[in-house]
Amino acid sequence: MAFDVWSLVVIFEFLAFLVTFPLLVFGWLMGAKGRNAIRDGPFESGQPRMGEARQRYMMQYYPYLIMFVAFDIISMFLFTWGLAFSVLPFTDNLLFIVFLIVLVAPLGYALHLSGRRELW
Amino acid sequence: MPDPIFLVLSAVVVVSAIAALEARELIYGAVGLAFSLIGVAGIFLLLGEEYLAMFQIAVYVGAVVVLIMFTIMLVRRDSGRPAEEEEPGRLGRAGAFVAGLIALAIAAAMYLVIPYSAEMPILSEISLHDLGRTLASGYALALVILGLLIGATAVGALTLAKIEPEEERGGAA
Amino acid sequence: MNGLIAIPTLQELLNYIVGILTSRTFLEMIIFPGFLNIMLGAAFLVWLERKLIARVQLRIGPLYAGMWGILQPVADGVKLLFKEMIFPELADKKVLILGALALMMLAVAPVVPIPFGEGFVIADMNIGLLYVFAVISLFPTVILLIGWGSNSKYSLLGGLRSMFQQVAYEVPMWLSVLGIVMLTGTLNLTEIVKAQQKVWFIVPEVLGFAVFFTAILAELERIPFDLPEAETELVMGWMTELSGVAFMVGFLAMYTKVYVMSALMTALFLGGWSGPSVIPQPVWFLAKTFLVASVMVIIRGTFPRVRVDILLKAAWGRLLLLALANVFVTAGLIWLGLGGIWKV
Amino acid sequence: MEPLSSYLVLSSVLMGIGIYGLVSKRNAIRLLFSVELIVNAANINFAAFARFSNPPIMSGVLIVFYSIAAAAMEAAVGLALILVAFRLNGTIDVRRLNRLKG
């Protein structure tokens, strides 16, 4: 049963937890503690804190993120194709290539949009 | 006697789904959603669908959750407060009641009506080659339509998200 | 079997536990392809990097801890272990600590299906390659969370940059490997290595190799692409507010990732354990892995950093197209009838 | 091994949680979470039915592939809509996004 392999993964992750977590606890226990208003501020190269850290920022690269979602899905489908490539007839392979080429147009659009900084 | 692995996975799925909806900060809700989706991937593994589980993790947790987190970070007021006002009053309780009723009804229906609450047939693994072959032979048209769908939604999302020049001139809305 | 559960004697219990502890799988997890190997490899990489960079820059590098300073990572680790963990008052402590923990757990996870020699593999997965990629795709989530939880501008900007970069280079990385999957028809890493006994995949897939190497440099945030922690701009990027042991764990996780990705590249393109059999297989594998890692270090010593918009544009506009070209080249190879060489 | 009905019960519970979120939450992103949960509940059902029929049905698995792909792209569009709504109104509270009301 294939699940045995995955239980090994879970055990391995658990071992990783067992190795790492005591380290963190040890550091927590052994390290010095104490409060200090200056030291406890966020690091801003020695300057006092200015404004909120979690503010709005530019989203110029948003198109790349959308393209990532699209191509993530595409590449998962392409891996099924790659697995069966040598047993598929020529026409079926062409089909996947068509599937791929359909996605080139949105990619070009995303690159174009991301290049225009005034849009974001 | 239920399978303990199944029970643990179900608990992960359900508890983190509730956490996703009830977490105080939206971004921790996204983490809850991620754990719930990983739990569903575990359920797929239990069903023997390895490729599907990897697909689920890579697409949902790797892409969709990242996109959700990014949007949560963008959708904030300048004061840094999260832009949401939750009101878990009467409506929340009513919602919980309705949802519980629906879930209970469906669960009961499935438990009682489904004719075979049978064991999973012992069978050879679905070969990975078959996946591509079936996809290419039987579902060719659906695949091309899916490609068009992905392309169209990507273009649509981009067109929606960009700031139109006239929108800026129109002033505060 | 008359309704009673046999209570094991102490002897039986002891035997059972010893049996588990000495079973091959457990030893593999703990010692050879498992933890000891990964941790020592990562620590060795830290030393190797400092020493090689020093050579490139005509310095000497670590010298005093042990012979040639080889115990320097240990000394650093012990120092960090006793340092105070400082968390900014506005930061989420839980996110920082659990984020470091999650990074470590994710960084060791891809080693499970990688074969370090014939039989030296923790779990021989049918779907190993996809599993590795699925695990790697979880990193941006954790890094974004750490950047957010730190509540510091440097961390947030570093986390965002890191997220965009890793996300952008993931797709070329996957597609550059598609050629290998087409040639072998399997996702099992052991079988992929076995398919290279005659000719390594670097020969037919040279384009894919180039794309993959560039992509993992970006995934690992190594120098031409280390924008997330460009020290002149963002101090330490998303790691800025990690301190003490949390920093140590995060730092070690990054080097573990370097080690594991070098191993993955060895298995995929450089023939894995194959080589003249006078030297044992795992030694071949480790030698190739450290060769790949050394090349990364030398690149760090010699290349300048690129700009972030150029970096992202290159991923989508150039690297992705090159990876697709590689797929078509491979398809051409198979249609020409040359695929039989690498068939398992 | 688990019988089929366990999987079905799990999926209906997940769907119940999703419906609860859809009814009671006012934050647009939480509504998106609920939709994703409901889609996942459906996916569990598809995969379980595909696996429990004898012989297993390949199309049951493939439809989950398509479903995940469609849900991911739907999330992308939904999040873009939320971004636009936030930019125009300064809030993502769905109760306040009622400017279309006459």
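As written, the chains take the letters A, B, C and D, and residue 1 is the first residue of each chain.
Following the convention adopted for this analysis, a residue touches a chain if its C-beta (ideal position, glycine included) is under 8 Å from a C-beta of that chain, and two chains touch if they have at least 3 such contacts.
On a predicted model such as this, the values are computed, not experimentally measured, just so you know.
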Steps needed, at fewest, to go from chain C to chain D via touching chains:
2
Which chain pair shows the largest tally of C-beta contacts?
B-D
CA centroid of chain A to CA centroid of chain D, Å:
21
Chain B to chain C, mean C-alpha position gap in Å, rounds to 28
With chain centres taken as the means of their Cα atoms, state the distance from chain A to chain C in Å.
15
Chain B to chain D: how many Å between their CA centres?
5
Multi-chain contacts only, two chains or more: what residues does chain D have there?
65, 68-69, 72-73, 75-76, 80
Note the residues in chain A that touch 2 or more other chains, in rising order.
2, 54, 65-70, 72-73, 76-77, 82-85, 87, 93, 100, 110
In chain B, residues with contacts to at least two other chains:
46, 48, 50-51, 54-55, 58-59, 62-64, 66-67, 70, 73-74, 125, 128-131, 135, 146, 150, 153-154, 157-158, 161, 163
Which pairs of chains touch one another in this structure?
A-B, A-C, A-D, B-C, B-D
Contacting residues of chain A [partner chain C, same complex]
2, 5, 8-9, 11-13, 15-17, 19-21, 23-24, 26-28, 30-34, 39-45, 53-54, 57, 60-61, 64-65, 67-68, 71-72, 75, 78-79, 82-87, 90, 93, 100, 107, 110-111, 114-115
For the complex, which residues does chain C have touching chain A?
25, 29-30, 34-35, 39, 80-91, 97, 100-101, 104-105, 108-109, 112, 122-126, 130-131, 137, 148, 150-157, 160, 164, 167-168, 170-171, 174-175, 178-179, 181-182, 185-187, 235, 240-241, 244-246, 248-249, 309, 312-313, 315-317, 320, 324, 327, 331, 334-335, 339, 343
Could you pull out which chain D residues touch chain B in their complex?
1-10, 12-27, 29-30, 32-34, 36-37, 40, 43-44, 47-48, 51-52, 54-56, 58-59, 61-62, 64-66, 68-77, 79-84, 86-93
Contact residues on chain C for chain B in the complex?
126-127, 130-131, 133-134, 137-138, 140-141, 144-145, 148, 156, 160, 163, 167, 170, 185-187
Over in the complex, which chain D residues touch chain A? Could you list them?
65, 68-69, 72-73, 75-76, 80
